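Shared chain: chain A. Partners: chain B in the first complex, chain C in the second.
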Partner chain A sequence: MNASIELVNLRKAYGKFLAVNDLSLTVPAGTVFGLLGPNGAGKTTTIRMMMDIIAPDSGEVRFSSRPRTRADLERVGYLPEERGLYRKMTVFDHLVFLGELHGVARRASAPEITDWLDRVGLADAGKKKIEELSKGMQQKVQLIGTLLHDPEIVILDEPFSGLDPINQGLFKDVLAEYRRRGKTILFSTHVMEQAEKLCDALALISGGKVILSGGMQEIKNRYGGLAYRLVASGDLDGLAEVEGIESSGLHDGYARMLLSENTDPAELLRRLVEAYDVQEFRSDAPTLEEIFIAAVGEATAGEATGFQP
Partner chain B sequence: MSELRGIWVLAERERREAFRNRWFLVSALSFLAAALGLAWLAKSGVSGSGFAGLGRTAVSLIHLVALVVPLQGLAMGAGAIAGERDRGSWNLLLAQPLGALELAVGKFLGLLLAIGATMLVSFGLAGVLVSSGASGASFLPYFGLLGFALLLAAASISVGLLVSVVSERASSAVGIAILAWLLLVLVGDLGALAAATALGLDAGQVLGLALWNPLSVFNMAAIELIRGGLELLGPAGLVASRELGSALLPALGAILIAWALVPLALATRIIARREEVA
Partner chain C sequence: MNGVTIIAKREYMARIKSKAFWLGTVAIPVLMAAWAILPSLILSKTKAEQRLAVVDRTETLSQGLADQLGGLAERTSNRVAFEIVDIDTSLPDDQLRVDLDRRVLDEEINAWVWIGADALESGTVEYHAESLSNFITQSALERALSRVARRERFSRAGYDAAAIEELSDSINLETVKVSEDGSQEEGGFGGFALAVGLFIILYTTTLIYGQQVMLGVLDEKSSRVVEVLASSVTPFELLTGKLAGIGMIGLTQLSIWLLTAILLTAPGLVAAVSFIPTGVNLPTISLAIGVHFILLFLLGYFLYSSFYAMVGSAFNNPQEAQQLASLAVIFIVLPWFFFMPVLNDPDSTLAVVTSLIPPFTPSLMMLRIATKAPPLWQVLLGYVLTTGTCFGMLWLSSRVYRVGILMYGKKPTFKELWRWIRYA
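Moving on to the complex of A and B:
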């Protein structure tokens, strides 16, 4: 898959504080890519360097396998973390202005704006000043401004923060639509559950460094995505000898198994049912949050501990 | 998007924002009211002589322009970028496909259009009022004065933008701008006079010192336009007239243009560095 965005050895320091430390990552074209990490990890600084809001001390930002130019930003839609809106402008004028900055003339953007406002439930808000809108409504206006010029690449910095569940759903629907249309979407979040549900690929950042990156399933497999939990009566000590089980460990009332790479869980269950009185058999893959904690631990220890059944 | 289009889109938004700014509207309306008041006084004092009426109005407008225009330009320029930082919209602008030159020139041009429009209306209405029913009025010096007032506005906006681009908050930027205005308006001439006395400077050196102050440059140009000579300014004025002769007005204009271009170029350079202001 072609790279849509590549960050090569980016570094940014503020005085003695190293916000981004030799960070490299690749965002494949046409994927939903999550930039994950706790607050202060360096996500926003990384995105700002990506968008040429701040210059890196060293390193390079590449779009479509060549150094980024200002013209590349014409095909990017960016939603900043701090919501930059012109509060005294009307919603309509604000959106027209953002469209014009991307070369979309008023007469072309006007029907688009009307459609978008209707879609996000702000059909009557076009003539209102932005300062008259609630915070959630302002975020919807900001999302429209991000997508109005139909960008090929959408970059969203903490898009869900401050949104109620209904509006989060709306944002997710819009992202899903853009994903179906083959657009590249990168968003940052510190909420792992959101990333787990939305992302095809991700990079985990901690202390300004990428500590883990890759496809979602690949990462899950790497960190025990092939783990299953078995509750059954009988002697479970010999589980590891069952075909298709790589290793197993006994816990309080259940056994945790790591399946071999090509094992079909349904086939394994059939074999287990023949050997044991199976009461429960389910995936016990770690959550992204658990993976993150493990990855931070590994990065700190400087070695890969891998999955421990 | 072409650079010119980007500049125009930004300039248009900046101009509209300026007319939404209450402080700017109050200052612009006060300028208009004062200009009309001065024109009415000049007209009522000189019956039937359009030239004298226009001349008196122009002389009065010099003081008004020297007081109001630098304040408007410096304050609006200072708030233009630091204000966007306060609102969080500056980062959004930086993320658009706009280069540093487009950002700086777009802001500059928008503010110049706003201030220029209010001056055009004020000068225009004052001129119409004072010259109505009169004959023999020469508008050339009057238009010249308007031109130099626009150059002063451009220089002030440019300095204001430079202050804005290095300021984290609008309040501190506007504070610095007002301090700069006080220095120009109050300390400028007096400072030059004090320096001349204390250091025993000759007329040429006093003139050199005055040329560093855009407000003094505007005053010299305005007096030259209205009076046709700088003898009012004493020995320094005489030196200026003698040394520069007919090149005096173009030279003064060039100095004001430099005052507009150099800070704007510096502001552009600082924006291009894409560094966060601490």
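Moving on to the complex of A and C:
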């Protein structure tokens, strides 16, 4: 079963500070969705409202096109940005407890826990107390706790912050597996490169507002994702005549081309190789970070966001 | 299982498995017993030694005093060993006094007693020593002197001193408690010990478990566990689950103590072991007292621990929380001031009024119930008022708690706390 998330006109103010300002977005079922933005953009507040940890001043959170209920949250795996475990509990007991909180009885969760601990290389740690584990091991336990009940929706707030490289790899593998299984995954991050590699779709938020959202490719196309760079010998003036190229311009030592939509770059390259002695052909698309800076610039031209006038 | 049960179960299991719980369960009664018994035990085993010089200007009392003090040594209850040092008393008074002072300073003697020529008429005798804090020694000496003086006065007035002494033997009260379920003989000391014991247990457990709730909340907050829990249970479920779990731990501990006490004081066992001296009546814990004790513990626990939970949720560490937490300590400790008056007259206006003030009801009502069954309406009124206050405190606490557990950073001001309470 697939579940989508819709946020409709969410708004949350802390005193005079408007943390989330009329925010609406849709996370399609079965996608990996990135909630991007700088620190203080309102990502955590938005996620907390999704999880019913704080109540919005106005607006609504919907799962699968119905208003979200407390019961729906049992199908969600949530990893908060600030996270911790009871230090005096054993790993196994702690995971059983987290399972119970999501409606999984000990009998059902026990074999799952053993499998998970095996998978992340903590097979012998079940009887150890949390405080005896290294930070990296605790992060693994935390991840297991989030996914133990096999949720339909996974919501991770800054999941990669503070992770060692091995755990980053583990988290990414697990996300990839969940994506294959058609689960809906939403995570927030302020590190654009991560989002670029992992997301199918994203929303950029700044000052509590969505300033850009959509599919990854669509956004890239919109912000010059169809730009390619060609280094070749021969007369490049006629490039614009080649089928599939919208326009082109000559620069020092290379040509920058804008492909027309629906052009397959591989097909184009084949045609170019026939006509020129191609030395280099690569995408000249802006990075997500560049897009983000451009979008924030457009959205906030002249006005300070976040504070009410 | 719902959220409250899961949280309560975790709190209970985490504590019942900890060494600290079992250590406390054993150590607290041992410490309490030690606190009650040791001082008198130590006192009874140690004897003060007092080397005394006596100057008797009446010429009639010193022999009697020597006999009295000598006779003391044979009594087991006596705590002072007197030794009278012979000195030359023929010197003039002024010189003699200086000489005696020097002997004290040279530690030849501990003290000297000056029985003036008019001692029998004036009723005073001088006692000179380097230290005057030895009350036990002084009162023993005073009693001995009084007896000797009394006997001498009787003789002078023409009475038979020995006969009078025999006739003026003191009377001991043999106390019998009257109660609804038929009168039963009971040592006054037993009833007193029971009342005091239950009062102290209620007061300490309320304090200990309240603090545990506060530290638990602070720990969840500072370790950020609460962030993980907050999505699965509501703050109210988290709060009530925590209070219930730790409350159950409290009940477990009290049950262990109560059962042990009942077993230890069971007549058969006492007879078998007979480690308790004959003549001491042990208090018996009736079912009614046991039930009141449990109910009053629960009321006191919920009242104070919900306050403690509120304090824990509002601050970031125990140091910050201490200021507000000490307010609870004041309320828990205040009944100590009413302890003696209530014990002495459980039906006095003071006792009735203070035992109906909700923060004091758990301990003071227990004290009254254990000493003399108060009128039913007062007990019921106490329960109703305290239960109401409990719910009020729980409501207040849950208001602050739901905001506080997710707030980090700077210590909130009272104004901010008030705003949290009023949030929708």
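Rule of thumb we're sticking to: the second predicted complex is superposed on the first by the 262 of 309 C-alpha atoms of A that agree within 3 Å, B and C clash if a C-alpha of one lies under 4 Å from a C-alpha of the other, contacts with A are read in each partner's own complex, and residues count from 1 in each chain.
Convention: contacts are C-beta pairs under 8 Å (C-beta built on N, C-alpha and C of every residue); 3 or more make two chains touch, one makes a residue touch a chain.
This one's a predicted model, so the numbers in the text were calculated from it and none came from an experiment.
**Q** Clash or fit: how do chain B and chain C relate after the overlay on chain A?
**A** clash
**Q** If we overlay the two complexes on their shared chain A, which of chain B and chain C does A:80 touch? Say first, second, both or neither.
**A** It touches chain B and chain C both.
**Q** Check whether A:71 is in contact with chain B, with chain C, with both or with neither, and answer first, second, both or neither.
**A** It touches chain B, and chain C stays clear.
**Q** Between chain B and chain C, whom does A:172 touch in the aligned arrangement: first, second, both, or neither?
**A** Once the two structures are laid over each other on A, A:172 reaches no partner at all.
**Q** Applying the document's definition of touch, where does A:52 land relative to chain B and chain C: first, second, both, or neither?
**A** Both: A:52 reaches chain B and chain C.
**Q** If you stack the two complexes on chain A, which partner ends up touching A:119: first (chain B), second (chain C), both, or neither?
**A** neither
**Q** Across the two complexes, find the residues of chain A that touch chain B and also touch chain C.
**A** Chain A residues touching both partners: 48, 51-55, 70, 73-74, 76, 78, 80, 82-89, 97-98, 100-102.
**Q** Okay, in this complex, where on chain B does chain A touch?
**A** Counting only chain B, the residues touching chain A are 1, 5-6, 9-10, 13, 17, 20, 84, 87-99, 273-276, 278.
**Q** Sort out for me which residues of chain A touch chain C in the complex.
**A** Of all residues in chain A, those touching chain C are 48, 51-55, 70, 73-74, 76, 78, 80-89, 93, 97-98, 100-102, 105, 142, 145.
**Q** Spell out the part of chain A that touches chain B in their complex, as residue ranges.
**A** 14, 48, 51-55, 70-74, 76, 78, 80, 82-89, 97-98, 100-103
**Q** Under the definition above, what is the set of chain C residues touching chain A in their complex?
**A** 1, 3, 6, 10, 13-14, 18, 220, 223-225, 227-234, 406, 424
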